[in-house]
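Before I ask anything, here is the structure I am working with.
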């Protein structure tokens, strides 16, 4: 082994490798251990952003970036420090495949409609009275609600409320960037006019597992806002039973015409960690972005303690051991998104469960 | 044409046909017009059964047929008069492919568990306190609730209430009989013992379009009782908008892990006909069985008026023109089942819409 | 048990059953054992037809039934004696779900084009120079070739050769009849004119497991004639290895754009039984129709010996034990069709393997 | 527009962007035009490598890199100059998603068996007598043959011939690297021992579109070597008809149990450009790697002329206009691979056809 190592570090090999590289050729023998590694070694790192920081920047941005002055959206995205070197713009990557941002919209503002290859979903963090126009329908969104805009659908935003409104945007921007095929188009009318009654889709689905006759065929159309009231009711319905050892009480947002995740490429969950809950550790190939909807606690990721409270965001990269602990005197609620559908599409989803909790080696500090 | 007809009715042809029939051979030239007809000509006929008749018979059966004395279920099925000649037992056919019956269970009775190739679903007509045990879970069922037991699942019934209870059973018995592959097995324990908490599945789904993490993979497991409260809420959510021209406000019960119908072979709907509603006429290859959950009105099927009120059942065979009229001073609610999933499985589903209402030629009278 | 039996045969039960039958209602307690049987008990029976008989009748039919005089096809179908009582025309059923016939076409004759819900496939028994026109392409067919015309495709036939030509037609007529949804349409031009070069499809596929770029998307279009030369070559390629214990060397005709059976509802096989081969016994839910393409031998079906030779047809109904024996001094070749795709579509396919050969109780004789 | 540009280049914006970047946050307003571009702007560039160069390096590598001394495979890969900055090792990327290399194996050498998440396929460039051991079966490979080793299958190589042997390897290494989920495992026995007869799979499939009974269920198993003789026969079968305007006569290698591409993530084609053929121009979202199996000619890619001859490799990145011209006095044969299945998996496949040929702006020269 040492002999092999010595050979690969020899001048002979280096010279040869250098020589062929001039002709834009590469040496598999040297590259293979890193390119085809024995298990996932993501460049993405576990990280945590405080809501206080994000909010401060967004309020500052409020003055600088108006819809008139430029930029279609007033949004600040989470840039994973391990993926920063990717050109350009770190590919906007919070994890290997997903982008996440916080968007601020002010009363009366309008974010013009557009459509793109990238898929999106939103989780409403704070406020009420804003709406998305998706394929001609206004969907009003309030704190705790969840909304999807799948690939290729027209979408824009407006705000009829009286207070600033914050929400989380998640897209598959880095995945599309890596893989190819991006198309983008602005809507000719700016913010698309509504052609259906407001909240048409979500009202039709307010009764649960029954579906309007017209939605019989698989489609990617949204069901509008998945309201917090419904999500909470589902979690309440699970409380008499045992929580999942790794994720507590967890529900997934679905597309009722396909039985798949609400957004075809991005799974979205609401997790309830009951009082005193301390999960087992596990790891999986999919990466995750967490937003703390309510409560406080910490997660241990590869031996590092990440302390979180309402409004914070944190990242669990692929194949990192992790466990969640609730410190709230009641439930904590974590909203999270995952690139699981992509993994499953290629049979890459794997999971491993640990039989003991992790030793905590240190507590996370933001990078300097 | 007349010449052809004469030829086919000639002695020459008849003699030849008879001769080969003795060797168990058949003449395509004579058989093809009936076997491969230009459009569906179902032997099934439109029909209607009054609840009063059914109830009277079931109450009489109550004394005669007890679980001890024999017969696993106290159920009387709808026998389509057009399909009666099918041997044996008219194949239990209400329509070409579906069986429907009313089952009566008394307080304290138990219907032992079994499983079979045939798929089932139930709609609770009257009463409360009965339950189905499906794959080890007791699902309590009350008036207006809907329950499925897909192919191959253990199921039995019990009743902890104080009054007789009636429900509608629908199975794909005639379809399985025609096509082959029936298997049936009794449970070794009689009525299976519950191994999960009561109503486990349905409570988990009470929040609507979110799904427990554990149900991510497609499965045919039921979500328990789809409650009337949820179904009604969905219908209420649709009321601000225009009803479907043919079916009013209609929701379909779904399997949230696949996005398909709750029972893979049988579609089930709840239809609300608002006050004054008179639908357009249409026809389709799927057949339908209707149960009047609430209200009164009539349906016109191929020019015949079928008057219905709460508790009645009626049949719309394949490819018959039909329209529905509500006469209630409020909503009428129709529960219905359809062999649409079978049709769609083979790309046989077709629909045709009429541009005018039908002339009524007569009013239905039960066959003598 | 005897007590139960006595109860069900009592006047009390009979009277009640008779009473409700008058109102077109049925007693589940009495009907269930036959309608939902413990395992398949097909009404279809094992049967065998001699080629000599079929040929004699077809040659006689040659004079009587001409394209001019009527009947679109000169074909005699196999009528399973167990399914004869089905009205009308025994549903043309050779097995529960499939129809099989022998068609005779004379030099210069034309069978006009039509299309229908029913799917078809053909195996060429004898002769050369005939063709099918399928979706505007002439596909010439010679002895041993296999051709499909899936649901909804225009098809007609012509014959440019000099001798009478015989082929086997297989359709899913009884299945469509039972289930519903039949549509039929004649072509406005009689025999459709060819708009593509002759044998276009099959020439493109002559190289095996490579597919023209243009056929990338799933389609039901035929690949034309699957020639005997190709089928034989595949069987030759398997000869160094062990035969399947139940079916010898067996290949299945496929649709290269879907990887499924060439005809979506009907599986078709060519089986080679090598010299001295005597298979193990097994049974399965799918039914089978066999045509002896070459050789002689016998099959044991539920203990009855069916002796066959070139040109004969025989039936193995659902769930009957069966084994095949080759008596030829060389290979025997059996062409066969199966309703397996239908069974698999509903998860009804089951198979059971026996650990010993069957005792022969008697030898088949045609029914009187 | 200019005003917007000025704003985004202002100190105000730059300062703000810099400030948030320190907290590992990113400004969507600045990043969005590049991350979500209006149409694909691949970093990958069109490029061409001469066989003479590759061969010279491989023969030199022959002395340096032996199986004993290290490196599991003696392979030199094509490094797209536009993707070289990706860390590490340029991700081994010939195109956005695919890796391609030439491997040299000497008589008597053995490349040990391993398995990995990445999928592979091979095209045999020169020589005979080598084999791959795939899931326990030796598949001998000769010039012009095509072999697949899907995700997760054990594979290793040996060589029983007498001359050095060259083949092209294609894997989805960059795609897996970007997306995550890589696992790799060495076989405990070094080169896996054969447990099936040699060439078992391919012999069974030598007859074309018939499939062994045992392969009825979808699987990813290879059919062994897809021989040049079969591929050529398919191309010959197409010659009477018109070539495709963009790709000449083209066949795709398929998996006969699924009807999909032979390798689930990578499409592979053999294209015949007949004498005098000059294609129309088109572009598509999928990227392509071409290997010149026979002949000479040139391709015009985004206005640049790439001259090729037998043994050369060239790249067509996503969304670049391209057309192919044959200069051989006979057929040219191009083998090519495409990430189309990945594009199609996410509905990203788009194609655009030009109505005129491109103007040639210059002729390609290798980068210095």
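What to note about this one:
For reference, chains read A, B, C and D in written order, and residue numbers begin at 1 within each chain.
In this text, contacts are C-beta pairs under 8 Å (C-beta built on N, C-alpha and C of every residue); 3 or more make two chains touch, one makes a residue touch a chain.
These figures come from a predicted structure and were not determined experimentally.
Within the contact network of the assembly, the step distance from chain B to chain D comes to 2.
Because chain C and chain D share one sequence, their contact can be compared position by position; here over half of the interface residue numbers appear on both sides.
Chain C and chain D, compared by their mean Cα positions, are separated by 43 Å.
Centres computed as Cα averages put chain A at a distance of 53 Å from chain C. Each chain gets one centre point, the mean of its Cα atoms, and the points for chain A and chain D are 32 Å apart. Shown for chain A are the residues that touch two or more other chains, of which there are none.
If the chains shown are joined wherever they touch, the resulting network closes on itself as one ring, and no chain has more or fewer than two partners.
Applying the touch criterion to all chain pairs gives A-B, A-D, B-C, C-D.
Within the complex formed with chain C, the residues of chain B that make contact are 4, 7-8, 12-13, 16, 19-21, 23-32, 34-40, 42, 47, 49, 53-54, 57, 60-61, 64-65, 69-81, 84-85, 87-92, 96-97, 99, 101, 116-118, 151-152, 173, 175-185, 265, 285-287, 318, 339, 342-343, 345-350, 366-367.
Residues of chain B touching chain A in their complex: 197, 200, 202-214, 216, 218, 223, 226, 230-238, 240-241, 244, 247, 250-260, 262, 269-270.
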